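What follows is subunit A paired twice: with subunit B in the first complex and subunit C in the second.
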Partner chain A sequence: MLTVNHLAKSYDGEKKSLTDVSFSIRPGEVTVIIGPSGAGKTTILRSINQLIRDDDGEILFDDTNMRDLNRAQLRRARCRIGMIFQNYNLIEPLTAIENVLHGCLGTKSNLTGIFSIYSNQEKEEALKLLQKVGLEDFAYQQCRNLSGGQKQRVGIARALMQHPKIILCDEPIASLDPRSTITVMDILRDLAINDGISVLINLHQVDIARNYADHVIGINNGQVVFDDRIAALSDTAIARIYQKDANLEGSAIHEF
Partner chain B sequence: MIKPENQISIPTQVPVGPKFSIPLRFRDRRRLTILLTIIVLTYLTIITLPTMVPNQFKLGAALMSFAENIKIMFLQPHLANTTFVALLAALGQSILLAFLTTLIGSMLAFFFALASTRRLAPTWLVLGIQSVMAVIRAIPTVLWVLIYSVVFGLGANAAVIGITFHSVAYLTKVYADSMDELSPEIIETMQAMGLKKSAIIRQAVIPYMIPSYLSWTFIRFEINFADAIAVGAAAGAGGIGYQLFMSSSFYFNFHEVGVMVYLILAFALVLEIISYRLRTLTHQ
Partner chain C sequence: MNSDVQQVNNFFNNKRFRLSVILVILGLAYLGASIGLGFQTRSLLNVQNGVIWLIQNFIPNEASKGYWNEIIKQLFRTFLVAVASTTCAAVASLFLSIIGAKTLTPAITISWVIRAFSSLLRNIPIVAWAMILLFSFKQNDLTGFLALFFMTLGFLTRAFMETIEDFGTEKIQALQATGATYLQVIFQGLLPEVAVALMSWVLYMIENNVRDATLVGLLTGTGIGFIFNLYFKSLRYGAAGLVVLSVIILVVAVELISNLIGRLLS
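Now for the complex of A and B:
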């Protein structure tokens, strides 16, 4: 469903941010990418929907290489990839339901976007999605008045409005308190189980990964150092994922 | 482009003041320079001020006649050569001139701003538009009106086009600045959902910029009102500025000038109240 092959990326042309990253994810699973800060987790996620143009490799989404698409094709492909962010990135002056409805604008005409024309069916769906994330009472609240956890749930509803095959989550819980963290992660896991959506999450927190992931990809210094089911994530594996960059060269890394 | 300031050497400075008190700042060279500049300027001002006074000048008499004129204007305002209704109509003309130029200017400037914000437009276009606008802004509004009056003749046409011209340049700059404040992540998020540019502008850029759009447009309306008065006097564009010019320079009737000044002040007060209301409305 999504396969990444030999992805490489360098921001300044010299220092490699990603070197030869390959992995694939399956539908209906929660895949978690863990690794130290600066390891390249965000770069991987953003390369998938080409927010970052990578330097080399291929990203096969539904058997099309995202890197080969032209602008219009890329835009259409992005419509089926949901994304949620650490800072939620909602349009704060607008209401929750308006933000959710943005999710369906990608597939529609210019005029629809300019005049905010939505069918009743779409509005009903948006309300249903808000209900699904437990925010039906806040549909007409300006997003700037919502709490962090509520904003993230609006973000999830917005991503679901895209009818995504995959949802990319860039540190979705890094700004949240423990209770909101559990709410958000529960919703994400339910999406994978009940709706068959692939969920790919960047995380700092290994304990959260243990509770929610089906599959774990460990990244260190721009390389995949662990790629296995969650059951195989031993303490030594974690130590290897989080070890200092300096020890990386020529160590056990090349087994993977 | 902002030039980096010259490097200031800070670490070796010694705190001034008695040892037992903790200073809040180091005394550095820049502060010393500013202080010296102020002292020199003050000294120059004081020694040159007497030389500006002409020989025949009597300070007492001049102050008396100044007070007399102020008294005539502000304490004895009444009309002689025109009627109050005519003045109100002239004030209305000036307001409409300001309104029309602000309206056209803000609409044009919005599209120029979209093309010259770093968030949406390529760098060459941003720099191109911004530098043209900077040149237009550098020339005062009244001068633009006079330049256009070469083509259209003195009068309302030159006034409308000249004031609009400067308004567009001014508003393009401030609108583009307020669009630049929008986080690039927001635009990226909308792109990641596959939205078209038109939808991104309408659904993300505009909602964020409405408050600053309103307040800047209103400020420009106030500026245009002042310009409309000046242009009325300078370029014969009509309105209360022309009436002011006639009473003060043609009839030398300061009683009448007083009435007009009060009228303009009253309208300025109304504008101030409206802008305050607008601010509380948009910044809930």
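Now for the complex of A and C:
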């Protein structure tokens, strides 16, 4: 469904942020990418929907290479890829329901999108999704008044509004308290199990990965150093993923 | 006294020493400038005579009451020129700042051109704008309007651009990730987020332009600035004082109203 082949990227043209990253993910599974800060996790995720233009390699989503698409095609492809963020990236002065409806902008014409003209069906669906993430009572609340956990759930509802085949989650719980973390991770796992959506998550926390992942990809210094089922994630494997690279002076080794 | 306390004392002594040095430098700068200008500090002692003359002559008296009608009329005209030029400039600035902001620009060269253009407009003093435009547009309200418009356009484009750039790329990317188009990102994402901030810049500029419009009117021979000049030169100081008073009242009123609107918005 999603296959990444030989992805390489460098921001300054010299030091490689990603050297040669290849992996594939399966439908209806939770795949977690772990690795130290600066290893390239975010770059991988954002290359998939081409928010970051990569330098080399191919990203096959439903057998089309995301890198070969023109603007209109890329827009259509992005509609089927949901994304949630560490900082939620909601439009804070707007209400929860407006933010959820943003999820269907990709399928709308320019003008109807600009003037927030949504069909009854779309409105109904947005309400249903808010219900699904347990926020039906907050539909008309400005997002700036919601808690972190609630914001992230609005973010998930916005992603689901896209009818995604895959949801990319960039450190979705890094700013959340332990209780919200569990709520959000439970919702993400249920999406994989019940709706057959593939969930690809960047994580810092190995213990969370152990509880929720089906498959784990370990990244260190821009390379895949581990790619296996969660059961195979031994302590030595973790040590290898988080080992300090000689070239990365001062990069943090994460406690786990 | 142990050595830790000694260290803290040394720290504060150093700080006081640096402050003294700065004060001495400022004093020397004043002395140098006064000598250069031939300005005599002694003459500050006679300043009260000037102030007394000012108060005696510029306090509006019975005779200046008759000017109220004319003053109110011109004040209102000046206010309208300030509001019209600011709002027109705001609309144009919004467009320029969106395509000029580094985070949203279609091409980085457009961003540089707009930056240079707005900096040029902004750095020509309002007085120079009025004088230059006076030749082409003669003595009427349009000249004042254009002078304020260009200066405001330069200022607001810059201010809007910075506000928009502070908005960052993250939320823009979040909407792009849903498949939203450029215009959808701007209308659904950017504008709701920055509307309040942009509005407060516009209100600030209206305040500022009410003040500046007085000065511009003095140069272009229109509005409240013109009648101030007229009364002043015809030695009707009481009426001129009334003009100054009315401008102060207007500016304070505009400031209060804009504060009120600002509070309501946020």
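The definition used in the following text is that the second predicted complex is superposed on the first by the 246 of 256 C-alpha atoms of A that agree within 3 Å, B and C clash if a C-alpha of one lies under 4 Å from a C-alpha of the other, contacts with A are read in each partner's own complex, and residues count from 1 in each chain.
Here is the rule we go by: contacts are C-beta pairs under 8 Å (C-beta built on N, C-alpha and C of every residue); 3 or more make two chains touch, one makes a residue touch a chain.
Quick caveat, the model's predicted, so the values are computed rather than measured.
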item: Superposed partners subunit B and subunit C on subunit A - clash or fit; value: clash
item: First (subunit B), second (subunit C), both or neither touched by A:220; value: neither
item: Subunit B versus subunit C as contact partner of A:198, first or second or both or neither; value: neither
item: First (subunit B), second (subunit C), both or neither touched by A:17; value: neither
item: First (subunit B), second (subunit C), both or neither touched by A:47; value: neither
item: Subunit B versus subunit C as contact partner of A:106, first or second or both or neither; value: both
item: First, second, both or neither for A:150, with subunit B first and subunit C second; value: neither
item: Intersection of subunit A interface sets (partners subunit B, subunit C); value: 49, 51, 75-76, 78-79, 81-83, 85, 87, 89, 91-94, 102-103, 105-107, 110, 113-116, 158, 162
item: Touching residues (chain side subunit A, partner subunit C) in the complex; value: 46, 49, 51, 75-76, 78-79, 81-83, 85, 87, 89-94, 102-108, 110, 113-116, 158, 161-162, 168
item: Subunit A contact footprint on subunit C (complex, rising order); value: 170-171, 173-181, 183-184, 187-189, 192-193, 195-196
item: Complex interface listing, subunit A residues touching subunit B; value: 49, 51, 75-79, 81-83, 85, 87, 89, 91-94, 98, 102-103, 105-107, 110, 112-116, 158, 162
item: Partner subunit A, residues of subunit B touching it in the complex; value: 183, 185-186, 188-196, 198-200, 202-204, 207-208, 210
